[in-house]
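Several structures are given next for inspection.
Heads up, the next two complexes both have chain A, just with different partners, chain B and then chain C.
Up next, the complex of A and B:
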């Protein structure tokens, strides 16, 4: 029984932190630009494929530094793509109605899908976890793979870093000011469009980083974007749209929902998850965690 | 803007032209093209149904696949397992199931949430329906329903075997045309104009005595019902229904049709669906290219031509026409919009 509970707890945390890694960039872009970015999943997926290509040079024996390096390369690559996408797409969406923005970012996701299919093909690809993270820890009946512990660690580190930057630096306070009132921020001399650009680039880099860190967490296929973006959407929405702390709490909440449903309703994966999201949205459209803090 | 102007003549001429082409097609096209034409006709109804809620009442749904899937699966299930039922009754039940789902969705979510949040709720509900379908044994789980028959159409006096030759194709085209006609009526009458008011300015519409929530619910229900009809017509046409019809990628198809063709125009989604049919046919063997092309096109439309193809044509037309009858019309139009 304790093994069961431990397994649920552990699976919940792994799912939560993997989803939080993807949702963090989505949350930041939503918090500052108020754009719900469908294509985030697409760039996360491209990030994972870029890391896959890098790690391919190491064969089956991937040192940990190479794995982290691959994630870094993916992050930088997606950050650079972010500069271009911001100039071509996001910049022009500032005065467009919300629903059209949603549709435009969906179009961008389709472009990512097509790109991945053209470059890497339709087959399932996989990367094994790096050396040192291949075994598991046994605690009673529970089996805890060390790679999952690594994913949990990554999620916590990214959360703490983002929290630190947003709440304890002048950059973070500037971002919060813009999120609350861009007009006023402009009036006091903040270069709002430069901050918008930096936000998009940071969001994209986070997508690439998540892709690189999670590349060994599941197999790679052009479906990857769709799987993660729905989970990340759930997190961002339940977390009260745009708050990093909210997204963190929401990923843990949804992680438990997912782990409980995987244990007790193994034949119906996802039912409890989507039912929970729909229910929460119906009861509280502004998200579980309200609108206390933005970004 | 043609969203307020109703031009019955141009609508009826366009519909008649489409109908003539569709009905003559079996005489000179091969099986593949005829099948594609049937799919395009279904997509036209699906697209216009979506656009009815989106452009007319300002309700964006990212989960319209659930209505399409309910219609398709209900029809498929009944033609396979309840073959005593006359086909028209099957269609009626399937469409009613879609209507019921639309009413429940609207009652649950539409009053509390609008805009992007409603779109995301429908996305989640659509995903839920998809998961339920893939886990339900009577619906074939991940394999879907195969071998769906085309039952005879019993009209009382005569019974037409829809399984023979191109009979089902003709039935499909005529039913789609009737559905389009019905939606056009609702789009351009007093009811449609009240939806227009609700979309443009909910507060003012409320002040003028229009029940905003009720209008939105009605628009969404009509939209969901018609989407279910398109799904119901699809099942016997493809003769196979797989869970992909419930996937959210299916939900985005009508969004694409509407925006591509021009969502402000009643026939915009029809233009989009036809164009998409050509694109899909042209790129069917190239993996990835179709996604790139469709995505790129949609992006270009939203960024550069927000009015879609019909919007662009209408702007060009006005520019040419404006030179000749410079005067009354533009002023009158702007008056209406004030």
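Up next, the complex of A and C:
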């Protein structure tokens, strides 16, 4: 029984932190720019493929430093892509109706799909977890894979960094001011356009970082863009649109829902997850942490 | 005389000719020296695009081979290719368009949902569809149609052959569970596999099997650890997997630290080389069903030529079996048209029923009663091998006689299966 609970707890946290890693960039872009980026999963996917390409040079044995280096390369690459996407697409989306944002970012997702097929092809690919993270810790009945511990650790580090920057630095306070009232921010001399660009770059870099850190967590294929994005949107919506703290809390909450559902309702996978999202939205339409904690 | 032709007569004649046009044009396509148009309707985008590309390549190789050898009754084969987008609505639109173009003989269906939609559609449009991997058992049971043929092994044959092989090779592995995806195909394959275990273990191994509840897993997610944990906690010493493609790669990868497959026998329903190509040296050792493995069929001229042409065309030395399914389907049309001396739908249907023809996997017989082919079922055993550039190798391969695992023809009737008591 203790083993069951520990396993549920552990699997829930792994799911939560993997989802949070993907959702963090999505949340930041929405929180500051109010752009719901449907293409986020696409850039997460390209980040994973970039990391795969880097790690391919190491064959079957990947040192931890190389794995982390691959993730950083993916983050930088997607950050650079973010500069271009901001100039060409996002800059034009700031004062248009939501439906145009949806169409534009969905089109970007299709571009990402096509790019991956063109460069890496249709084959299913995978990356081995780095050396030292291939096994598991056995605690009684519970089995705790070391790579899962790594994913949980990465999620916590990214959350603490974002939380620290957004809520405890002048940069974060500036971002919050722009998110709430960009006109007033401009009036007091803040270069809002530059902040918007930096936000997009940060959002894309986080997508790339998530792709690189999670590249050994699942298979790589042009379907990868769609695998996390549904649950990442669930986390963003439940957490309170645009709130990093809310996304973090929501990812843990939904992670437990998912793990409990898989353990106790195995014949109805996913049902409890969507029922919970619906229920939360009925009770708290603004999400768990609502507006008060917006970015 | 001219005065006797009034407006009503003209309209009647025009109407009649408009109604007759499809049949007239179809007959005109069926005769003379024009190329024979064959529709290739398969998934060239969407979730099944990966497999659809193998189907298309197999059809193209078969067409090139047939044309190089003089065509069919002296007429060249011309492929008309359309993307079914893995969606029945798109597939039926494209199938109608192909019929309109004169390509009423079609092949390439991978998706079960599309294969089931083809029955009424082809009956209505006067065409024929040959599937290339569609798994639903309903095709030759509840939803049987005269116009749809399965020239490959059915899930009934495949999964029962897998159970038969296990009873022969692993008679002591008598406690089984399954990793079964949450859709109809997953549940059907598990049900058939159970049926095979319940028949062949008592018959061959002289032992009863214990079948545990399967682990039902969701489709297309990024984390299967909870399901892996459940499987690892069962007392099963044999695990059956019918998850597919990227889901299997993710699941097998995440199962590694749990050592789920290390001291258990793993039978994979249909991933062929998908998992091993992705996981390389990380792959577990496992049996998997395959439509065609060139090493198993070495010495068969059609297989050797298909493999050589595939490698030449793609540069890839590890073809998946779906290549041979499309190849066999086009050769089935060739044999049927030659037998019938016609490309008329009714004539080709009549010729396909009971047809015996040579393929890359050997002789196949299309059972006349339910349009289900009788062929050998192939399986390969894959093991990791870090010293191999691919990261894995095939260490064993077998063929199971299709006659020993196929069900009696029961078109229109539901499949009957053994269940654990």
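Quick notes
Note that in this section the second predicted complex is superposed on the first by the 293 of 295 C-alpha atoms of A that agree within 3 Å, B and C clash if a C-alpha of one lies under 4 Å from a C-alpha of the other, contacts with A are read in each partner's own complex, and residues count from 1 in each chain.
The criterion applied here is as follows: contacts are C-beta pairs under 8 Å (C-beta built on N, C-alpha and C of every residue); 3 or more make two chains touch, one makes a residue touch a chain.
All of these numbers come straight from a predicted model, not from anything done at the bench.
Once chain A is used to superpose the two complexes, chain B occupies space that clashes with chain C.
By the touch criterion defined above, A:111 reaches chain B but does not reach chain C.
Look at A:219: by the touch rule set out above, it reaches chain C but stays clear of chain B. When the two structures are aligned on the shared chain, A:103 is found in touch with chain B, with no touch to chain C.
Of the two partner chains placed by superposition, only chain C is touched by A:14; chain B is not. Of the two partner chains placed around the shared chain by superposition, chain C is the only one that A:145 touches, whereas chain B remains out of contact. Contacts of A:237 after superposition on the shared chain: chain B is touched, whereas chain C is not.
In the superposition on chain A, A:267 makes contact with both chain B and chain C. Contacts of A:174 after superposition: neither chain B nor chain C is touched. In the superposition on chain A, A:53 makes contact with neither chain B nor chain C.
Overlap of the chain B and chain C contact sets on chain A: residues 122, 226, 267, 269-270. On chain C, the positions that touch chain A within their shared complex are 47, 49-50, 53, 182, 215-218, 220-223, 225-227, 229-230, 232-233, 245-247, 249-250, 253-254, 256-259, 274-275, 277-282, 386, 391.
Of all residues in chain A, only 36, 89, 92-93, 96, 98-100, 102-104, 106-118, 121-122, 226, 230, 233-234, 237, 267-271, 274-275, 277-278, 281-282, 285 touch chain B in the complex they form. Within the complex formed with chain A, the residues of chain B that make contact are 54, 60, 62, 108-109, 112-113, 115-117, 119-121, 123-125, 127-128, 131-132, 135, 248-249, 252, 255, 259, 287-299, 302-303, 306. Considering their complex, residues 7-8, 11, 14-15, 18, 60, 122-126, 128, 134-136, 141, 143, 145-148, 214, 216-224, 226-228, 231, 258-259, 262-263, 266-267, 269-270 of chain A touch chain C.
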